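Chain nomenclature is as follows: A, B, C, D and E, assigned in order of appearance, with residue numbering initiated at 1 for each chain independently.
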Amino acid sequence: MKYSYYPGCTLKTKAKELNNYAIRSAAALGIEMEEVENWQCCGGVYTASTDEIATKLSSVRALAQARDKGQDLLTLCSACHNVIKRTNNEILNNEDFSMKVNNYMGSDMQYHGETKVVHYLEMLRDVVGFDTLKSKVVNPLKNKKIAAYYGCLLLRPGEVMAMDDPENPQIMEDFIKAIGATPVIFAQRNECCGGYQTLNDKSIAQSRSEKVVSSAVKQGADCIITACPLCRYNLEANAVTELPVIYFTELLAQALGVKEVQ
Amino acid sequence: MQVEEKKEFTPLIVAFCCNWCSYAGADLAGSNRLNYPANVKIIRVPCSCRVNPLFILRAFQRGADGVIMCGCHPGDCHYTTGNYYARRRMTTLFSMLDYLGIEKERTRVEWVSAAEGVKFAATMKDFAETIQKLGENRKLRDLRCEK
Amino acid sequence: MREIRELLVNKIKELLDNGTVDRVIGWKAGEFCYDVTPAIFTKDDSFDDFLFNGFCGANQSKYLIEETKAPGRDEPEKGKILVLLKPCDSYSFNQLIKEHRIDREKVYALGVPSKGMLDVNKLRNMGINGILGIEEDGDMVKVKTLYGDKEVARKDLILDRCRCCKGSKHVAYDELLIPEAEEWEKDTTDRFAEVEKLEQMSAEERFDFWRSQLSKCIRCNACRNVCPACSCRTCVFDNANSGVAAKVNADDFEENMFHIIRAWHVAGRCTDCGECSRVCPQNIPLHLLNRKFIKDMNELYGDFQAGDDTETKGPLTAFTKTDAEPSIVYSRGGDK
Amino acid sequence: MLNTKISKEDLERISGVNTRKCMKCGKCSATCPNFDAMDYHPHQFIDMVDKGNIAPLLESKAIWTCLSCMACLQRCPRSVEPAKLIEAVRLAVVRQQGENRLAAEDIPELLDEDLPQQAIVSAFRKYKK
Amino acid sequence: MQRIGVFVCWCGTNIAATVDVAKVAETLKSEPGVVFATDYQYMCSASGQEIIKNAIKEHNLTGVVICSCSPRMHEATFRKTVQAAGINPYMLEIANIREQCSWIHKDKEEATEKAIILGRAAIAKVHLNAPLTSMESPVVKRALVIGGGIAGIQTALDIADAGFEVDIVEKQPTIGGKMAQLDKTFPTLDCAACILTPKMVDAGSNDKVNLYTYCEVDKVEGFVGNFKVTIKQKPRYVDATKCTGCGECTTKCPSRKNPNEFNMGFDNRGAVYIPFAQAVPKVATIDPDDCIYMKTGKCGLCAKVCTAGAINYEQKEEFITKEYGAIVVATGYNQIKPTEFEEYGYNNYKDVVTSLEFERLMNAAGPTGGHLLRPSNGKEPKKIVFVQCVGSRGQSCRDKSYCSKICCMYTAKHAMLVKDHYPDVDVTVFYIDVRTPGKNFDEFYRRAVEEFGVHYIKGMVGKVEEEDGVLKVQASDLLANAQIHMDADMVVLAAAIEPDKSARPLATMLTASMDTNDFFTEAHAKLRPVESPTAGIFLSGTCQGPKDIPETVSQASACAAKVIGLLAKDHLLCNPCVAHSNETLCNGCSTCANVCPYGAITYEDRLVMDKGVRETRRIAVVNEAVCQGCGACTVTCPSGAMDLKGFANRQIMAEVDAICR
């Protein structure tokens, strides 16, 4: 199975591990990730207004490229996934938006929502399968209690993202079980970390992050996993309570025995 | 004094509605004062399976611009199976009309339950708009009926 | 051909003599040698003018409706009638039995072989006119004309409808003239190729095509009269109370209407015998209307061949709960 | 100067939100994880826009402190989606001349070593035309 | 040529405000065959009907067209009117100029023009109408009630009281339904069991009432007055005629880890069980999925201890076919499991419960013996939060669009009961609106607030999380414009109620219509609330819409009254608008019989005179008592021999022509 892969800006800089471990693990699972050529930044957040076109074009270009290759578009960063999936959804369901977008696009790059956007976790669940994943684990992470932190972008809006139940998600917990660890469910797992407020009003990011981390600690977690670099930053830098925050791909690579480059 | 305006084309639309669901749905649209174009005229039939292709052709012959048939949702027919037969009949008939080059958009089937007043009005509005865009039906009409 | 005729006449005489049947519906020459007409022969008739050749295309099952009906008052009960069914005719025969139009008890069906029927128009199209006589000889056909003798390959004269032959198997018979008749080598075409070609056209082109064809209709009713499915005692177009009665096509609409309704009324019952197009004096490809219905029904509701047996319900008198919605028409076919 | 002549229709068009669908249950504000940092709360945005009382919202702190986390949008029983309306009010402000909340020159001061690019990109998208 | 009278109704201003009724009457007067036309304020009134009758006599009318409201409203009324004046009731046509004209159009000119066209179509049709006479069909004097909750029981008892036999089909092993699970009932706080169980006993002992418990409806055939229903008896693996209900088997059964449905899974029952002490019939049932013997072939303890020899592991399902004149649907409701509303924590926290679960926790016969204890730790709660409207009144995909109606009142009841039993417990109710329209309902709610000190806060709960065994509730207080955080030991969710899942397939079997929420549709929202539009099908209780107990019981009795009215008749007039085959046109091809859903068409050899010839032909014959008049046969008939009375080919074509003129 071969995917077009959209890494996004952070995964090429501050969050290289998230990216590298993902690619290495995928290879171990027989999945090829072919980076979209000349991808442009997704913009970080999806602007939920009906009249913003230009800010969504970078997503459309990536989607069109994947379509031309006949591949699904794989994402990893929660923010990129949110932006691209919602843009794709808007093109599919909003004729007016689709028309305006295509007016901006070249005549050789008309796009009408043909591509399927797949998050790395969905790929693990639906294509690889958690049972298969489990069978390929060489270093099961036994005795580790892991809190899965979804944040807001991976699941919402639930009807568009359609990854899992937005209030009672299972996918990351199932992932944790597959790599041999024990999931810890905590109430703040789908509440915001404070996001970009760290640049506007740090106190907000601090109080949000503290709430999330302390909630996980109270449920007895050894660490938190996430798919989002900004979540990781906030939970590490802005929470008072300290708890290791790790990208889920790092644990995946560890479990599959491909963490260290051979 | 009024200047006589060029008369705009208003399509003539015949709607066959089954008595139990769609006609009741139309009544509900009425009770709820849900507006839809006045050029939609409803003919009551006991069941969608009572609608003979002859009636549809006849309507076109006499100058109808669009014909829509409404019945209970499949599975909910008052007579258990009527709309299943109607569904096959209309599918094949519409396909034949299309094969003869008659615009397929001029015929339609919608399932509207007795509780779906809103859907009834919306459906009629949408169908009337579609026919308005298509313009006058010239292909399947008895030209002698023209005034 | 001659040998088969010999065999056939002997078989007929045998069945007449031993009392299995008291009459046979066969063919004899009409005004021209290629203009063969159905005729009834009894034990007392001479079989000298009994014909059996490549022009005996007419599907005779329809005559059985009249021949096997209950006798009127004061009429004597008739004996069995012998009918000669080509493989394709046997489908219509079955369909009429399914519809209770033929009394099976009163028929003895003899399956006769067919290697494709001939089309005199094809001779004419080759520039062969003034035809006096035609003789089939194996793979060749010898034609006597006012202008001398000609020889033509038989396969070049095969009726179009026979080129998508359903095969040499009879689906209904009491006896086969040649039990192990071999499949003839046919130059086959896809039955639905022409329909598909039309479907690929734009709506405007299709409209023009059918207008140009149907406007030729002179309402001679030949298609209706020959069609084994069009066998209503009184046709809706002849019934003053039906609301659609019309003896002639007064305008474009009625030309369309007559043929749409005719195709509609036989949909699911038409065996695709092709007689409608064969007999049309205006050469309107009427079978393309019937085949469109057949193609649609096969695609949407599963393959169905009318007359395959005498029980299965036709696609328009059956349903499944998950049938396609009529809106499928908007996305099917050409002209999207 | 901030143009405060933004109409209810403008905001409804930008956001696609129909304020009349609201049944005033307050679930948006009940579920908001950043309630205390907002001077106007999600239910007030719906209510005030519905009544055309928009000027205070344009000058509010809430449009900058809303996390855009979509908790209110996700949990609204009537699918009113307050988050989209708050976004629209913010856009109505940042699209005006000189109303950027964040400028490129502010960034170096805010940077720390671990701050992901994503944070800067998002903040620009939220706070700058 | 018919002599037609046209009567245009104003319907007060309902029609007259948007349709120029005088102009309609005037214009239609010049239609061929129309000899009289008039308009009047209310045609359906006594004086309006008098106008019609007089005109029929005075002008020797042979046909009548009334331009008024929908024929679904007053067709029957006007048929009686014209019949009283001496013409056949089927010589009447109604042009619907209210629901399908005046109410939906604003422009008077446009509406008037449409009304005239609709009138013309009706006139064109009446020209081709023929007098029709209804056939009679006998009525089977027995009713079937589907569902044995309070609604079904009440309806059955009332029907039995009138002297008719009635059968109740209940899918559970006992009758009683949801009410049997309740603790107290509002607004009087009397005990549900105390008022329900006598009725259950009545139903069990009344010799006119037959109980088919642990049964399901498998198949329904026939029509009003003559239904034929196949009932599936699921195997209990206990011979109900031998079982004495002693309960010995239920206490000895070694399979004990099966969640007890009656107690909402708060405790366990044996594989062989009697749902509750007052069950009717009091007969044990073995759940084959839980039974060790059924699964492994080893055990058989219950059979050993049963002195009556009632255990029968070999029991098979059985089918019973019976005839009924009327069918009552009383399939009731279920409370949704709020699993999709995890912001309230129902999946992950034991102390977050639904209100029906809370009923069991309060019930003296419940798992805690009536002591309210936290499911997590078995300790008494000190603070309880109630959340209203969970899953009701919403528009998103997880919500029901309707108000579940009973929650406001039972929550007030719960709050009051808690305060009554445990005055120190702090009770808070979060609400959007408190809806109390019922006799003594608002007073009841006010007592909860004023006498019992229940805190009512306007606003919704947004998030519940558990921390150190305490539920942290985050909610809105809209009047204070604040987000509040409070601790609670239990959170009770007033989750929406929805129709029972068995209702949808049943509706299909009954050909009774349903709305998009799967509630049964009534024949008329105001005037025929307990009847389905399908003749002979009646609606009792919450299968038709959310209802509390007083309302359910009154509807159940109303429903019984309608059933009794039907069963009291010896014969029913059939719909005369049935199919008819023209024998000279019929080919006898059997195509029509292929599509007839009722098997109403048979074939006969008949002597037919056609075109001067007399001959024997195979002809389709319609059984007019069986035909329901759908018309499927008419379209499938190629020769047009099959036609439908009242909706004949020519009549419909005449309407088409009139509309397209």
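Throughout what follows, contacts are C-beta pairs under 8 Å (C-beta built on N, C-alpha and C of every residue); 3 or more make two chains touch, one makes a residue touch a chain.
Just so we're clear, the structure is a prediction, and the values are computed from it rather than from any experiment.
Contact with both chain A and chain C is made by E.
Number of steps on the shortest path from chain A to chain B, with steps defined by chain touch: 2. Where touching is counted per the definition, the chains common to chain B and chain D are E. Averaging Cα atoms per chain gives one point for each, and the point farthest from that of chain D is the centre of C. Using mean Cα coordinates as chain centres, the one most removed from chain A is C. Pairs A-E and A-D differ in how many C-beta pairs touch across them, and the larger number is found at A-D. Centre-to-centre, using mean CA coordinates, chain C is 75 Å away from chain D. In terms of their C-alpha centroids, the spacing between chain B and chain E amounts to 30 Å.
Work out the mean CA point of chain B and of chain C, and you get 37 Å between them. With each centre defined as the average position of its C-alpha atoms, the distance from chain D to chain E rounds to 46 Å. With touch defined as above, residues shared between interfaces to two or more other chains in chain C number as follows: 236, 243, 316-317. Contact of a single residue of chain E with at least two other chains is seen at positions 343, 463, 595, 636, 649, 653.
Residue numbers of chain B whose C-beta contacts span two or more other chains: 53-54, 58, 75, 81, 85, 89. Counting only pairs that meet the touch rule, the chains in contact are A-D, A-E, B-C, B-E, C-E, D-E. Against chain D, in their complex, chain E makes its touches with residues 343, 389, 393-396, 399, 432, 458-463, 474-478, 481, 483. Interface residues of chain A, counted against chain D in their complex, comprise 8-10, 13-15, 41, 43-45, 47-52, 55, 77, 79, 152, 155-158, 166-167, 191-192, 194-201, 203-204, 208, 211, 228-230, 232-233, 236-237. Residue ranges on chain B touching chain C, taken from their complex, read 53-54, 57-58, 60-61, 74-75, 81, 84-85, 87-105, 107-109, 139-144.
The touching residues of chain D, when paired with chain E in their complex, are 21, 23-32, 35-36, 41, 43-44, 71, 75-79.
Chain E meets chain C in the complex at residues 584-591, 594-595, 603, 605, 610, 613-618, 636, 638-640, 649-650, 653.
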